[in-house]
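Look for chain A in each of the two complexes below; its partner is chain B in the first and chain C in the second.
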Partner chain A sequence: MSKFAAIAGIGQTEFSKASGRSELQLAAEASKAALDDAGIDPADVDGMITFTIDNSDEIGLTRCLGVKDLGYTARIPGGGAASVATIHQAAAAINSGACEVVLVWRAMNERSQYRFGQPMAPPSGGVVNIAGNGTGSLLWCMPFGAQTPASWGALATQHYMNTYGVTNGDLGYVSVAQRKHAATNPLAWFYGKPITLEDHQASKWIIEPVLRLLDCCQESDGGVAIVVTSLERAKDLKRKPIRIVSSAQSIPAEVEVISNYYHADLNVMPEAQGVAKRLYQRSGLTPKDMQLAMIYDAFTPQVLYQLEAFGFCDQGEAKDFIKGGNIEVGGGLPVNTNGGLIGEAYIHGMNNITEAVRQLRGTASNQVAKMTNALVSCGMAGAILSNS
Partner chain B sequence: MSKFAAIAGIGQTEFSKASGRSELQLAAEASKAALDDAGIDPADVDGMITFTIDNSDEIGLTRCLGVKDLGYTARIPGGGAASVATIHQAAAAINSGACEVVLVWRAMNERSQYRFGQPMAPPSGGVVNIAGNGTGSLLWCMPFGAQTPASWGALATQHYMNTYGVTNGDLGYVSVAQRKHAATNPLAWFYGKPITLEDHQASKWIIEPVLRLLDCCQESDGGVAIVVTSLERAKDLKRKPIRIVSSAQSIPAEVEVISNYYHADLNVMPEAQGVAKRLYQRSGLTPKDMQLAMIYDAFTPQVLYQLEAFGFCDQGEAKDFIKGGNIEVGGGLPVNTNGGLIGEAYIHGMNNITEAVRQLRGTASNQVAKMTNALVSCGMAGAILSNS
Partner chain C sequence: MSNETTPIRPDPVFTPDAAFFWEGVTRGELLGQRCSDCMKITHPPRPMCPVCHSIKRETVKLSGRGIVTSWVIPRHPAPIGFAEAPIVALIELEEGIRMVSNVIDVAPDAMKNGIAVEVRYAPTKGGKAVPVFAPAKGGARE
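And then the complex of A and B:
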């Protein structure tokens, strides 16, 4: 699976809090940038993949770009869970022969046009349309006050923290490491703005005793796009191809998006374990083969869960693994070297994929030495990317 | 493309006007029926594909069925344009190695819970979310009264009818042929209820002078599901595998869903021409190799456009092609032998795929003799299915 597909181009807009233009405009700018980066004419795009909840219409975007004849158009459910799944499915479309050039995009005015992190009410009246959000049982939680992604995630995390003696102070190490990366990444919203553990502890509670403000990702405006094509075609293009060595989704039974209350062991993230199993099986690689992990970090605890699920440390040991600079550039396993969704921007996970590509090209602001393989995970999906 | 994928099972609920149960229940019943038909345990499903606008949540459905670990989940934009695209993308997922068993479903209470054919207002207030409907420019038409799919389609069709001298009376031949098929198909809503050309002409205008009531598909409640797996695996299952010989989507520049006002020649359906080109190129087959055409028939004129686009007759000649029993069982090219969306039910195109499977298995109520290949088209997507 995926051994013939490669990322040929990446593109983005600036990441801001008020883009001042439409989401379709952001999608088009990021897409054009990615195609230019690859050196591919928009007319050659024959596949398009995005999130179910992206507000831009495929046909509107083809019109903006000059796409000539689209032969594959898919959307992936589940919020940020869709992010790495986009390149998984793009690789499948390429490897099957259904497409030659797949454009993946996600663009949102998620700070200026609406607020992703604010409390939401359960749908009322008419058809209750939660299709493809993977959060069906949340309808039973919302009336009791669980109305934000932060509150959904924190509920399960309390059990994990209790089991392994993790405090909110421990979580601060993730924030500090990522803000350190963001501080030296000019693409990041928090460029030039590192924080200390004291800053983290002084930030207000969002969901006590789990999440403080500085445990949470940003709300951002911006767009990101990625061009996937065959390795063969990518070899003749402008950039060194970044191979999608293996890719996978995993949604095990009783798992839901952010609100994993119903599976057997609340100390683990079964979807990430499922992705890890598939990625390593399909590639023959192991955690030790990765020089970088880009891990979906809507909230700091998710980084701990995923470090364990992907076998970078043993169960319950992530709280120690993240300390002492181990997840910083120069450490044992650099994580989210762009600053992640906490430090760079929250483009729903997509900007963690583009950072992996920059690292593998050797063009990252916080470049990791001797890059060969990068793991990218959004929990329900993941990929191993390689420059070799 | 698609030479290794096959349809191993089909399932459905009854087709009605008031199912009396939820859409998720319908989805689950149809899915279980399809898996039982194939002889596949729900636990083995690792891919799920549906429409962006299907109201059932993947995770809710996995819970109903007992799916163990989902590894691929996609939704396809564009209304009925998604129907044949589901098996196109399922085939891609199988052929790429990303999945082993893909469950495709579509379930709707589109008559009892909401009304698909009724006038709709443009979205007002908040985010204008038309994402993935492929009908962006309709926002400019709706304020002027173009508020139903019937009115959108009829606007472009007037030009076609004027060019080739097609009258509404001509369109009646499609309705009469399909209702004849429905009359002898116990699965059809209009089982036992054939109509005459006089009945067609006596039915009320919906959009004068293009569409009468009997030119329009039904509003139906019901669910349909299809199981796609590798040809190799399908060979060991209960049913004779129906190969997906070739499959394709096509959305050429300036084409929109039902509302094709902006492309160069309003006398043709460029998306169906694009699908035809890809299907024949990928398979090496020609129109003459098809013993059956299952053609998306939300409205009768769409059948004429597609007969021409797929090369079953020359441009402008469909109005004669459909006469004299030529598109009935026993005729030159049987079309929509289940009664189609007009006669059997409107499960958004999916029940036209299952009829092709029944015909290729030799189990259709209105069985076509010597079936080898069937064309299935929904305009923006198509497939050639084969029992050989």
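And then the complex of A and C:
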């Protein structure tokens, strides 16, 4: 294939617990930063992509940026679990000729304005029409006391942990590695604040016996934006282009977002397996070709499932793979070198994509040596990015 | 544990395609959706059969017997509508479908995967009910 799209710019706001400004302002600031980074006039943006659940709208953002004539818009379903689908969409839009400069954004006051981690009371009375954002959690979980993302995710995970003898103590290795990375990343909320395995085990149960507090990502305020254009155009811009070698989405039969209980084998994450298959097929690359994996880590077990789905280790062996510094910078496969959603911030997965770009540019705080290819996965979507 | 005098449990959400399930439970019946053409039982319910694409569907009384496939106890934040933290479980029914529910009459310390359970009904605050599961007595029942 001769045609490639590339990431030409990345931008963000600070990551905080109370931004003190509107979500649209966060989106606009992150977008302007990404366009400045690329060296593209905001007026020239002609495509916009975000999440279905982002509260800002395309017209509001074009009015901030002074976009001349927007020619393409799309939104991706599935929340953070599909975050990398924004890059997949952007690459498809560029390669089809639908537009030339795609601005991807996600911005939210997810800590100060509303809280994803708090229990939700279901609506009462009468027959309700619910689209559901790809999850049956509201309908099938709420009246049983599973009312938070942590509880929905953990309910599937306990089966996996029981099958392979994974304990909550094992999961602590993911938290400790990521907090170690965050501790030396000035962009991270937990900058300068590493934790130990003992801290992890001393943190309170959120969902027993699966998740303690330190297995959970943060709630954050902030915005992230990414500019995608053709590789050809990106070559003439300010930054070294980061090529989107392959990108993919996968929503296999009976899979749903987070309340993912109805597919055949609860020991695997079929959507990540589907993404892996497509990414490797389309690129001709293998797990051994990756120097970095940025893996959606809303909760620590999600990292284990994806390490297995992407073939970095065998089924059921992720609990050993994550130990001994193997997923730290300098280890066999550095994972979430910014601290991930657990250590840096929870901008719904988008800040894990920008970290891959920084690593491939050679500008990351915790720089991995000899970077060529990075895998970015969020479960229902993924991409292989390269600096070559 | 399950005999609250004034129920505080949240009501289920009735959607057009799943209303039969909650109406059944409120009457004390555990119903599934079966395709009238190919007899496939599906859960969650849906308006079209994924196998033969028929939109003709009927309700079928489920055995109410199954095993615990996975379970958790939501500790923090405390769930809304529960006096004490419930055991949330995924039940694999004899009919080959899974559903989210609660396990009752088992101490958290004694909870484990694979235990055989059978359905009971727990009232909700608005006069509806949800299916919950207790350890199976063994042998034939009602």
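Just so it is clear, the second predicted complex is superposed on the first by the 374 of 388 C-alpha atoms of A that agree within 3 Å, B and C clash if a C-alpha of one lies under 4 Å from a C-alpha of the other, contacts with A are read in each partner's own complex, and residues count from 1 in each chain.
Just so we're on the same page, a contact is a pair of C-beta atoms (placed from the backbone, for glycine too) under 8 Å apart; a residue touches a chain by one contact, two chains touch by 3 or more.
Small disclaimer: the values here were computed from a predicted structure and weren't measured.
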Looking at A:Ala253, would you say it contacts chain B, chain C, both, or neither? Reply first, second, both or neither. both
So, A:Pro209: does it touch chain B (first), chain C (second), both, or neither? second
Can A:Leu155 be said to touch chain B (first), chain C (second), both, or neither? second
May I ask you to decide whether A:Tyr261 touches chain B, chain C, both, or neither, giving the answer as first, second, both or neither? second
Between chain B (first) and chain C (second), which, if any, makes contact with A:Tyr114: first, second, both or neither? first
Go through the superposed model and pick first if A:Trp140 touches only chain B, second if only chain C, both, or neither. second
Which chain makes contact with more of the residues of chain A, chain B or else chain C? B
Considering only touches as defined above, state whether A:Arg63 meets chain B (first), chain C (second), both or neither. first
Overlap of the chain B and chain C interfaces on chain A comprises residues 126-127, 129-130, 136, 253
Interface with chain C, chain A side, in the complex: residues 117-130, 136, 138-148, 150-151, 154-159, 162, 204-210, 213, 253, 259, 261-262, 266
Looking at the complex, which residues from chain C come into contact with chain A? 9-16, 18-19, 43-44, 50, 69-82, 85-86, 88-90, 98-102, 108, 113, 124, 126, 130, 132
Flag every residue of chain B that touches chain A in the complex, lowest number first. 1-2, 52-60, 62-63, 66-78, 85, 88-89, 91-98, 113-114, 126-127, 129-136, 247-257, 274, 278
